[in-house]
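A single structure is presented below for examination.
We just call them A, B, C, D and E in the order they show up, numbering each chain from 1.
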Amino acid sequence: PLKIGLVAPFSGPFADYGKQMDAGIKAYMHQHGDTVAGRKVEVIVRDTTGPSPEIAKRLAQELVVRDQVDFLAGFGLTPEALAVADIATQAKKPMIVMNAASSVVTTKSPYIARFSMALPQVVAPLASWAAKNGIRRVFTLVSDYAPGIDSEAAFKKALTEAGGEVVDSIRVPLRSPEFAPFIQRIKDSQPQAVFVFVPAGEQGIAFMKGFQERGLGAAGIKVIATGDITDDHVLDVMGDVASGMITSFHYSAAHDSPENKAFLQAYEEVAGGGGRANFMAVAAYDGMNAIYQVASKLNGKIDGDKAMEILKGMKFTSPRGPIAIDPDTRDIVQTVYIRRVENIGGHYFNVEFDHVPDVRDPGK
Amino acid sequence: MAASVLGVLFDGVAYGSLLFLISVGLSVTMGLMNFVNLAHGAFAMAGGYLCVALMQRAGMPFLATLPLVFLAIALVGAALERTLYRRLYDASHLDQVLFSIGLTFMAVAAATYVWGPNQQPVRLPGFLRGQIHPGGVDLGAYRLFLIGLVAATTLALHLLMAKTRFGARVRASVDNRAAAAGLGIPVDRIFVLTFALGTGLAGVGGAVGIDVLGLDPTFPIKYMVYFLLVVAIGGAGSIKGPALAALLLGVFDVAGKYYVPEAGAFIIYGLMLTLLAFFPRGLYGRKA
Amino acid sequence: MSELLRLDNVTAGYGDGIVLDDVSFSLKEGDSLALLGRNGVGKTTLLVTLMGFTRLHKGRLAWRGRDLGGMPTFRRAHAGLGWVPQERLMFPSLSVEEHLTSVARPGRWTLKTVYRVFPRLRERRANLGNQLSGGEQQMLAIGRALMVNPSLLLLDEPMEGLAPIIVQELVSVIRDLTTGTGMAVIVVEQHARLALALTRQAIILDRGRIVHRSDSASLAHDDRLLQRLVAVA
Amino acid sequence: MLRPFPTPAAVSPEEDVIRPAGPCERIARLPADRWTLRETAFWLMPVLGYFAFPGYLMLGSQILIAGLFALSLDLIMGYAGIVSLGHAAFFGTGAYAAGLLASHGWHEPLSGLLAGAAAAALVALPVSLLVVRGQDLGRLIVTLGIGMLFFEAANKAAAITGGVDGLSGMEIAPLFGLFDFDLFGRTAYLYSLGVLFLLFLLCRRLVHSPFGLSLRGIKENSKRMASLGAPVERRLVSVFVIAAALAGAAGALLAQTTRFVGLDSLSFQRSAELLIMLVLGGTGRLYGALIGAALFLLAQDILAGLDPVYWQFWLGLMLVAVVLYARGGVLGGAALLAGRIRGKRR
Amino acid sequence: MTTALRTEGLSKSWGGFVANSQISLSLPKGARHALIGPNGAGKSTFINLLTGVLAPSSGEVFLMGERVTHLAPHERVKRGMARTFQINTLFPGLTVLESVVLAICERSGAARIWHRTVAGRRAEIDEAWDLLARLHLDRDADRPTRSLPYGRQRLVEIALALAARPKLLLLDEPAAGIPTGESSEIFDVIAGLPDDVTILFIEHDMDLVFRFARRITVLVGGKPLTEGTPDEIAADPRVREVYLGELPHV
């Protein structure tokens, strides 16, 4: 059989990363059958138990030496991806990244190809869009960890290039539920908008609750952010506190295309009730698509270097829209959409109203 | 900036109140009963989920759920005390740690199984959302509510434990179970009641906490540090201690974040270390 | 006088170990017994066995005819056993007064009467259990047991650490108790003569067995026996 | 200690399990470290494991490393009675020290290992002064807070440590210039085993020494120790620093064998899991640390393999069961059983 | 003849309560001095001030002429001060032998050694066995202290103090809980210590006090009431009134 090792967190704080990816993969196989090039596809699931690089590395190593997988896939968190990079290189196994979003990831091994996104990739368009639409004085608030800091930098750069200015920046501690004082500061400095980057889930919710409670929206301050704060998966939980939020991202469940309809259809059938599909499910879905293409091109005989040759420059239409793999960086090139949170029939969606095509990771 | 100073102070007190509410249950089970109950967060989480369920399924108003949550979780606690906890009172603290961590893991997995790994929504009633503005100061309605709740619970608990015969018997039983029993104090009954009280409070804490802390299966582990902080800094064996500790932590954390955001999380840990350097047994620690 | 307590061939110990070996005796209401023996012969073990802290391997404990065996400790206290532990076992987080009130049961012993016997305790009533001098702890241990208003008082070396003048006070109190109020006592004492002066009967233990029993008065005069079994100078 | 409640210890002294009784009557039961068959057998297992399970060497070396880490906690907790929820601070310090060396051109592993241990010991010194003052709960929280501080610091110093993205891209030269760190983790395994064994011997000797005895004395009753003339705080400081050095070595090992250091090496979770491992195995016995680590990681790996999503439930169940049926961890339970049996024989 | 112990105006109070006030006491080398007084008079507190377990509210402590008022307890032990506790303060989990060996190692400085095993410390072990033999504890040597009967635990208290080979020995009711016969044996052991060892002991058993003390200080309400020879004290009406009462057995 064609073996794929799926390494991702299935328990602990990032448990739903694993769930999403697994469901995305199942959805693809549900649609396109579980054999390719005559080989039965077998997905071996491994739990990294949350941010735990050494376990991720161990699991990957065991998948390679014990189970002799043909592909390594998954990788919810950057450190886990980085830790595994060595293994991919040593074992010459293609490594399909389905989430880990720091720019550096793809540089750590020639066998890595990323089908999710790179943070700066979605941040920069937001800044230029803001400047273009008369939002010039922006306050940034990001979680105090690498992704937060990267996006802060990317946003500042793009905004100032576009003629706007960042009036003030705050970095908030990671595990801190209390946003009131920060929000008060924002209120005091009266910017036109505040750019937010915090982990999806209770942090995002807490921020928006505080934002509404203190009536910053009423005071005419906009919230702009990258899409992971209004992740389709948590959007309904945030409810009306999020409505009107403007975000930039590469995928929305509300994206209007036949591919997306088909994907959501399949997702519903394999993971019904498990909540809405989000960008990780899509990345996994596309990753599988790529694996199938490689497998059939090599008609079943997977060789690391050949596989990478095929992956480089691969192009197809994903549920999120057209995507491609940059031959030099093995990183994804895709359209980034500007969306607004709206209530459609009792549910909240990110409705796309503007887009920037063929965005590369400006970080490289 | 007088207004903002007051505002910050208020927010700090409110945040402290929240910290206390989610920890008060533990200051009963661990502080008073001297059982290192790391599963406290699990009871809080249970309270949270129950609250959400009652609001969504049964469509109950938020406030009405709280007493029910208290009773239900207290019952759960009592049941667990009778079946499991009871056997570990004379076990070492480390065994208790291992046991209660085990329970926590089970609770986390169970919650994931039942409710899935993602956040739960709560809709507060209108009058608890938004702010009111007496004399130019912005006061969050929900925060006022928290402060009131804390004042009430602290006072009630303190009187119960320090002034009533029941309180004295609880302390006696904890100090020395054999001696207490030998003098006719029904230790088992006292313990099951106290434990139920502690877990019930934990449940309520979880319920009122959701709005700010959110609610997902990792709750018990995510906030374990906060519970421990409050109880340890406050000092085992008292209610005033943890209350004071929580307020201090809250005020300093908020003030720090407002005036020196760069300092980030260092403020709170720094404060805690200094406090413990001066009060190794906690603010109101019981003598060893 | 009806029978209060009866032990038939009691064999008991800690865990699997055996300390008390085939001990039998009985006690009438208002009677008084001196329990003597060197260190480690099992005097304390006998008392804590009555309170239900050891494992009863063989034999039967009867209290006013009813079997004590399976009864939980606190019920034994309710039934009328008053325990003064050898280590005193104070409650560090209770004040002196709380020590007394938290265990109080109706009867002739009340705060007032206890304070009358031990005025020192009234002076220190706000102190916590671990803020007392050794002797004060001893007084409190005794006062605490009296507050339970027991019909059998178990005194495990009650005179230890008490000033002579208090000892004399206590001696007369115990005398009154037995003669006056019909409360029975079992006294474990290292000062054998003192214990014998206080009681009607006496038992001497050695390695967990009863090696001698007689009335206190006659034993008090048998110096050689005392010397041999209790090491009295 | 309250006599009316017989404690297991009172019924069956732990001594039997850890220490062989000497032949000479007068030193019977005094701490001596003569090797027993049991111990030799124990140490044969990892050696056999190397040949028996070539596919599991990576897991194997991670167990050995966790074992070393747990060993260091046992020194301060099992022997000196300092409960710590922040021991990861030193593990992480060691890991980053070794990692930074390796990623900045110093590739020789053994010196890297030493550097890791030294770094940990160095930072442990000031920390210990703060820790030894407190009581149980206080110490628990002080250590916890210190751990958090280290975590935050490493997170803020992203420029050096790589923050949450972690520290990668380190090279490790072949061990003794001969054995490359291979994909199958053979070198890693033997390297870890060697280091663990040597350091274990050190601990074993230390706990059986007068110094070790004085630590137990402090744990049992520090007030009395002071009135015997023991400089209690200084003793605690020294053992704390030694333990930190061991933790640092463990961290360095992990960094070198996985060629990656993540923030998680400083996280509360790591400290907490460590505590679980040690208590699971049984404290104050050295071997408890090793057994606990092995048990925990094996259970985790197996369960997570069987049920990637809900395995935590089963792990939790296991912990609860262990506490209910084997007080004092696995070895505690064993000791109890042994005592029972001996009791019956009498 | 030099003074071994001297205190100047030593006082201790808790809040409003004064446990020791202005105690000035001076013991010559080799003294056999008893400290008696009603319960709660402040005797144990005084010992705790001498040993540094408690910090005095005011006053000074001199050991062999050296001012030790602000030294940590273990520093004072190093200078030759050892004590027993009124309420057992032992190592429940250690065996009797281990406890005593430990105490001896602390004195001999061997306790710092980490690279040799305890079993290898011949000298300390032999000394420990001798000490145990003298106190009839040798048959309990290998039992965990916890499982010893109370009276024998009292003996371990004394053994630990003697292990320090003190110049000044402070005993807080050493004989409590030990049968009268054996307790006088113990006092023989103590009295048998070299003559240059100074001994201050608290005891409520008057037979022992009058037999072994050369001088006696009576403490009442935290203040010294009087000091004198056993006969003087026994005769003193004030002492009879507040402390001795009508002793039945003297």
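We adopt the following convention: contacts are C-beta pairs under 8 Å (C-beta built on N, C-alpha and C of every residue); 3 or more make two chains touch, one makes a residue touch a chain.
By chain, UniProt protein names: B, D = Branched-chain amino acid ABC transporter permease; C = ABC transporter ATP-binding protein; E = Branched-chain amino acid ABC transporter ATP-binding protein.
Since we're looking at a predicted model, the values are computed, not measured.
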- Count the smallest number of chain-to-chain hops linking chain B with chain D, moving only between touching chains. 1
- Query: Which one of the chains is farthest from chain E, going by Cα centres?
  - Reply: A
- Task: Would you kindly tell me how far, in whole Å, the mean C-alpha position of chain D lies from that of chain C?
- Result: 48
- Could you give the separation in Å between the centres of chain A and chain E, each centre being the mean of its C-alpha atoms? 73
- Rounded to the nearest Å, the gap between Cα centres of chain D and chain E is 41
- Item | Multi-chain contact sites of chain D, meaning residues that touch two or more partners | 2-5, 7, 10, 152, 156, 269, 309-312
- So which stretches of chain B touch two or more other chains? 109, 112, 176, 178-179, 182, 225, 264-265
- Task: Give the residues of chain A that touch two or more other chains, as numbers and ranges in rising order.
- Result: 11, 15, 19, 144, 173-174
- Mind pulling up the chain A residues that touch chain B in the complex? 11-13, 15-16, 19, 144, 170-178, 180-182, 184-185, 188, 201-202, 205-206, 209, 212-215, 233-234, 236-239, 274-275
- For the complex, which residues does chain A have touching chain D? 10-11, 15, 18-19, 45-47, 49-54, 57-58, 61-62, 64-66, 78-79, 82-83, 85-87, 90-91, 102, 104, 108, 144-147, 149, 173-174
- Message: Touching residues of chain B toward chain D in the complex: what are they?
- Response: 84, 87-88, 90-99, 101-110, 112-113, 176-179, 182, 221, 224-225, 228-229, 231-233, 236, 264-266, 269-270, 272-273, 276-277, 280-282, 285, 288
- Query: What residues on chain D touch chain A, complex-wise?
  - Reply: 55-56, 58-59, 62, 152, 155-156, 158, 162-166, 168-169, 183-185, 254, 258-260, 262-264, 267, 269, 300, 304-305, 308-312
- Inside the complex, what are the residues of chain C that reach chain B? 51, 53, 72-74, 77-78, 83, 85, 89-94, 98-99, 101-103, 105, 128-130, 144-145, 148
